[in-house]
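Presented sequentially are two complexes of chain A, the first with chain B as partner and the second with chain C.
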Partner chain A sequence: MSKTVTALNGARFADGIADVAELPMQGMITLRGDLGMAALKKAVKSNTSLVVPDQGQVAQNDAYTVAWMSPDEVLILCPYAEVQAIIAKLDKALIRAHALAVDVSDARAMFQVAGVHARAVMAKLAPVDVSERGFQPGMFRRTRLAQAAAAFWVADADTFHIICFRSQGQYMFDLLCVAAQKGSEVGRF
Partner chain B sequence: MSTRLATQGRLVNRDKAVRFSFNSAPMTGFEGDTLASALLANDQMLVGRSFKYHRPRGIVAAGPEEPNALVNLGVEGKFEPNQRATTTELFEGLLATSQNHWPSLEFDVGAINAKLARFMPAGFYYKMFIHPRPLWKHVYEPFIRQAAGLGQAPKGRDWDTYEHLYAFCDVLVVGGGIAGLQAAKSAAQSGAQVLVLEQTAHWGGRAPVDGGTVDGKPVDKFVEELVSELSDTPNVTLRPRTMGAGVYDHGYVLGYERLTDHAPGMDGPRHRLWRIRAGHIITATGAIERPLSFAGNDIPGVMLAASVRDYAINYGVSAGDRTIVVTNNDDAYRTALALKNVGLEVPAILDARVLPVDSPLMADAKAAGIRVMMGHGIAKVQGSKRVTGVAVCSQAGEGATVEEIACDVVAMSGGWSPVVHLWSHCGGKLLWDTDWAMFRPDVDKAPLGADGSPFVSPAGSANGHFGLTEILGDAHAMGRAAARAIGFTPKKTNAPDGSCLDEAPMAPVWLMPQGAGRDLRGKAWLDYQNDVKVSDVQLAAQEGFESVEHAKRYTTLGMATDQGKLSNINGLAILSDALNQPIPQTGTTTFRPPYTPISMGAIGGEARGEVFQPIRRTPMHDWHDANGADWEPVGHWRRPYAYLRDGESVHDAVMRETKNVRENLGLLDASTLGKLIVKGPDAGRFLDMLYTNMMSTLKPGKCRYGLMCGENGFLIDDGVVARIDDNTFLCHTTTGGAERIHAHMEEWLQTEWWDWQVYVANVTEQYAQVAVVGPKARQALEALGGMDVSRDALGFMEWADGTLGGFDVRAYRISFSGELSYEIAVRASEGQAFWDALMKVGADLGVMPYGTEALHILRAEKGFIMIGDETDGTVIPQDLGLHWALSKKKDDYLGKRAHLRSHMADPARWKLVGLETTDGSTLPDGAYAVAEGTNANGQRNMQGRVTSSYHSPNLNKGIAMGLVLHGPDRMGEVLEFPGTDGTTYKARIVSPVFYDPDGEKQNV
Partner chain C sequence: MLILTCPCCGQTGEESEFHAGGEAHLTRFGPGSSDDDFEGYMFMRQNPKGVHFERWRHVYGCGKWFHAARCTMTLEVFGTYPAQTLEPPQDLRDEISAKRPGWSWGAVS
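Our next item is the complex of A and B:
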């Protein structure tokens, strides 16, 4: 067994109306700074090939994701192995600016909810309009799922990705399984 | 006899029999029945006993307004009390029992109360049981509780699951009757997203029962086509079995969906609570028929006229063979005609009105051979457990019997009240409609949204419109207006053309006969569920309870589980009459959600069992659990209190762990301690303001213990700060303080020092942190191999980055135990592997994990304070002898000014000392030290209290800390601490540092 393990070691639930799975270790960097600052925009772009997203948005390509967290914070998702190198490059690029780049990869757990009823599962837990009209690919929400803080976005058509605190990984997984329980289809999404 | 008819029953499937039981008697109904219709089909009219007088009570209504037919449903984990038979769909194997009787429904000892009714008027309990005072708690209340109450409380754990659902729509329509459906269609034609909630399993509401035509088609056909059309409309969602329970600010609405109540074997949650945000809300909630107030109107067999018709037409059930209809309006004539139509007898219609010309419905009744007695009413109903007849009187008189007519059902109608509940929940106002004698929504005073414009509209009979033409016209207009109100463009279409018979005006009748004497009024029920009579409301008025809200609470009118759906208007009309004021001046009581009771399970949603709380787990949680952890909740975290070995008590485990740390090697999972990164050019200045001591002078590579006070000077947190580089600090907080102190920092940065260049990030969970503690701690780390952890390389209160056993670590040389101690932070995902490595190298060194209680004892032996033990929100650093941590060099820090206030600087504040019992026993935690004399309340004076107390296995005696008046000046004095166990503990004031006062052990 590798000495690196996720919160739930890849737990999975496929017996319900949607598939729930814990995702592997994911590199995550919190970057705080003036999001309008040229040096910051450039640093994000050069490390991820992505543009700093607008409020409530997320930018994605195959390897990276950049999510808008607050007026002075973005979350950069990258391969776990690249985290230290990217932080070093960000620190260097922003050495003259006031900014903070910090590794939060291990502070989080990440889940996927997939299937035609994925939106229904999310709607049971998050006070967010997750209908196709209300929540489309490219959108990102920091909110709560039941009683736990969480952020989520649509990875592709029927798949949501969810980030929460690592300590609440078990709660989040159990919660998603309850919301995806057999016979609990909503029939409205 | 009530029974099943050979014909009718549009909602039941006669091919599918359903078996159920009531009070253990096996019965059979049909698929589609409600429990109420099935009970009636089995001639079970008597369904319960009333709350106060235990009078026999039968089914009165056919919908959510039913006050009497409440049953216990199911057994064990499916048991639920107070379930309304009229809204309970029948299913195979349903078990129901009646409530509020002893020993049986048929024979109830409590009915003696009815004989004593004269002596138990409104306010009886208040008047009777107020003196002598102590008797209330010990005698009266237990007795009354035994006698009162409806259903039983469930004892078993609920077997079902529940959930919430957040839903969003442009237009929400509450009510799937003909008005709701039409409003939904008219709104949806604009392209708006429309959600329609209907509390029953059927669409169309009363319309198919009441008849008429729309666009030349029978109304039931029209409903069928409309439902089919809406089902195929992509922007419309229809939800049957979902009740609109409450309307709140900002277009927030609760919907209560009953998913498996009708089929308990199905998978999935039982109830779903819809938490809806709607752009605009249409309340198409229909109307409820009012009873008439005549003597004996609660005897089983007296029912609402429209409900009698519902049972016949919807379920093919006759409530009885001979029905007397008593009314003040035309609608009840439909009941007479419907009954006649299925071959049942209607000996007479008693119409309180005297009409100059026959209305069309009256003419129809007469043509059908029914005797209509205008100007007449009921003097009293005969019978006890079942109606046997009525004494007819003149409505204008005092109740002299003009004729007795045998019957087994009385179908009464006192007019209709629009269901204005949801309209009113959020502030919609009502106006009194004199023509129909009812409150209707005042559309000019609608509930207002954040932008000041109306966000609720009523439609159909909920808006006071009766007759198909008016209902459909209103619903169409309201649907279009709702769409327009939220920015959609409604289609230019006409309302469907409804047609039904014209009705003559109704006449308000609040008491029958109008001159009824005291005897009759004392038997004329207003509120069936709470046993409130006309005479009670009149007495309340007479005794000065003139406000409707006061009269309600004094008489309990409308306070039962039905919230007065049948009784409110009649009650306040009686009150108005007694006060000689018009009804609108009396007004209504407040309508509050939910419309009808919703399950506690639905409110709790998914939050039960494993997901009741978001428990926080450290990376080593499972290891702790597998190794005997006795869990302690710390915030939402679970931390091991101690690790129990086979056969060991918690106390023994704590003693063993505490000793082992001082003698060998202990490991503590310290991952829960908060870790906040504070970075920026102003970080040092910022921390100087937050901590009472100086942080900006800390050198990179060094650690410093710091105290934090709030603005009012009280201690809020403490912890070790490490300086990472010139611009960056890492602040440790208490376990419970991480989120709170993070928020505290952000608040000051965002509101007060917004121009300071500081960023804060909470990295608590990024790291697993292990305290490696004890004389063999260094040996253990050296066995792992890697960075130099020697005294010279990593001195006390220093930190360094490096590797240990192949793990990237940050090692802090800090100690909360007074022992040689390191706290090692590793990546959270490697926490378990690192813990395993430490356990492995520690095996030869006598390693043991230790829990929070050993941690507490170790720090108490050293006299270290604990936030939450020595502090409670009223304690300042000076109280704890922490003057050394209050910087005198700084101009300001949070709490500094507060510390200058006279009360804070008062020398009489209780101060921290150590306490040692004279006999070595352990002081009770929280015990108070008594002083001479008593205070103004006659209570013993106090001079101190215990803040922490433990048995120290290392010192082999009880040790404690406490706050004591002038404590540090009274060393050696003995104080008395009375315990709750009856003994008085004696303890000597000593230094709080019990162990290694010179700190030699941590500096090795």
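Our next item is the complex of A and C:
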């Protein structure tokens, strides 16, 4: 099998107010269908031990993350090696339903912004209230970071995870690095 | 700057997260229609000073289309409602009437 690499080969920028890093290969499955359907809820639960999150929310445990993307779509994050097995199980569980599970792992890039100024970095780029009150752990937001579409959530205290298209990976990394450059603390969060 | 709330995903964002999709509630006239009807559908648009209804798409968010009612003068957004409607919902019209007595928009008032 060919060697899989991330968009930027694990690029990292640790010389600023927050630590920006590209995350390693991450399995991602887009699951579309009626999110209220019992078969779909059951399939997600049995594969990830997570309940399908409510609107605008994300559910996570040690191995998996399930994010609410739109009224008919969830994104399942899982270990890269498990993607095909999970898709096969989802397909089997949803064979009679109008639903679709697709491997999008290689279509995406994923970044992490960590540190006490992580919220300031995000606030510079997204038209979203990312204060501690406005954006809490468990929330999931699809929006734009500067000119690129992105989705982000709080992975744990002071750490944001960001997903974008792989083709925009370099742009996203450059953007985050500029927003995190030395001496650019905002002092608002 | 417009602040819109997407009725599909419940997120409130400013207008750069959305994309405008032109006038709402157009009736399509296709093959077999009269030239006048087709011309009206193709070219004739409301251009009000005041209450206006538009289609918007949450392009950087959930990707869904929806409708929005706003004021072209003040940029006040009266409300948003699902795309699967042929005319503005009554409760929204009542709300607009309270703020802009006597308003009308095409055949809607």
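Definition applied: the second predicted complex is superposed on the first by the 187 of 189 C-alpha atoms of A that agree within 3 Å, B and C clash if a C-alpha of one lies under 4 Å from a C-alpha of the other, contacts with A are read in each partner's own complex, and residues count from 1 in each chain.
In this text, contacts are C-beta pairs under 8 Å (C-beta built on N, C-alpha and C of every residue); 3 or more make two chains touch, one makes a residue touch a chain.
Here the structure is a predicted model, which is why all the values come from computation and not from measurement.
Using the contact criterion defined above for the overlaid structures, shared-chain residue A:Pro127 touches chain B and also reaches chain C.
In the superposition on chain A, contact is made by A:Met69 with chain C only, not with chain B.
Touched residues of chain A were counted for both chain B and chain C, and B has more of them. When the two complexes are overlaid on their common chain A, residue A:Lys41 makes contact with neither chain B nor chain C. When the two structures are aligned on the shared chain, A:Gly56 is found in touch with chain C, with no touch to chain B. Contact with chain C, but none with chain B, is seen for A:Thr143 once the two complexes are overlaid on the shared chain. In the superposition on chain A, A:Lys89 makes contact with neither chain B nor chain C.
Within chain A, the residues touching chain B in one complex and chain C in the other are 127-128. Those residues of chain A lying in contact with chain B across their complex are 3-7, 25, 30, 32-33, 72, 98-100, 102-108, 120, 123-131, 133-134, 146-148, 165-171, 174-175, 178-179, 181-186, 188.
Interface residues of chain C facing chain A in the complex, by the touch rule stated above, are 8-11, 13-14, 16-17, 60-64.
The touching residues of chain B, counted against chain A in their complex, run 161, 163-168, 193, 237, 266-269, 272, 275, 277, 605-607, 610-611, 613-619, 637, 677, 679-681, 757, 759, 761, 763-767, 807, 827-830, 832-834. Interface residues of chain A facing chain C in the complex, by the touch rule stated above, are 55-56, 69-71, 73, 127-128, 141-144, 149.
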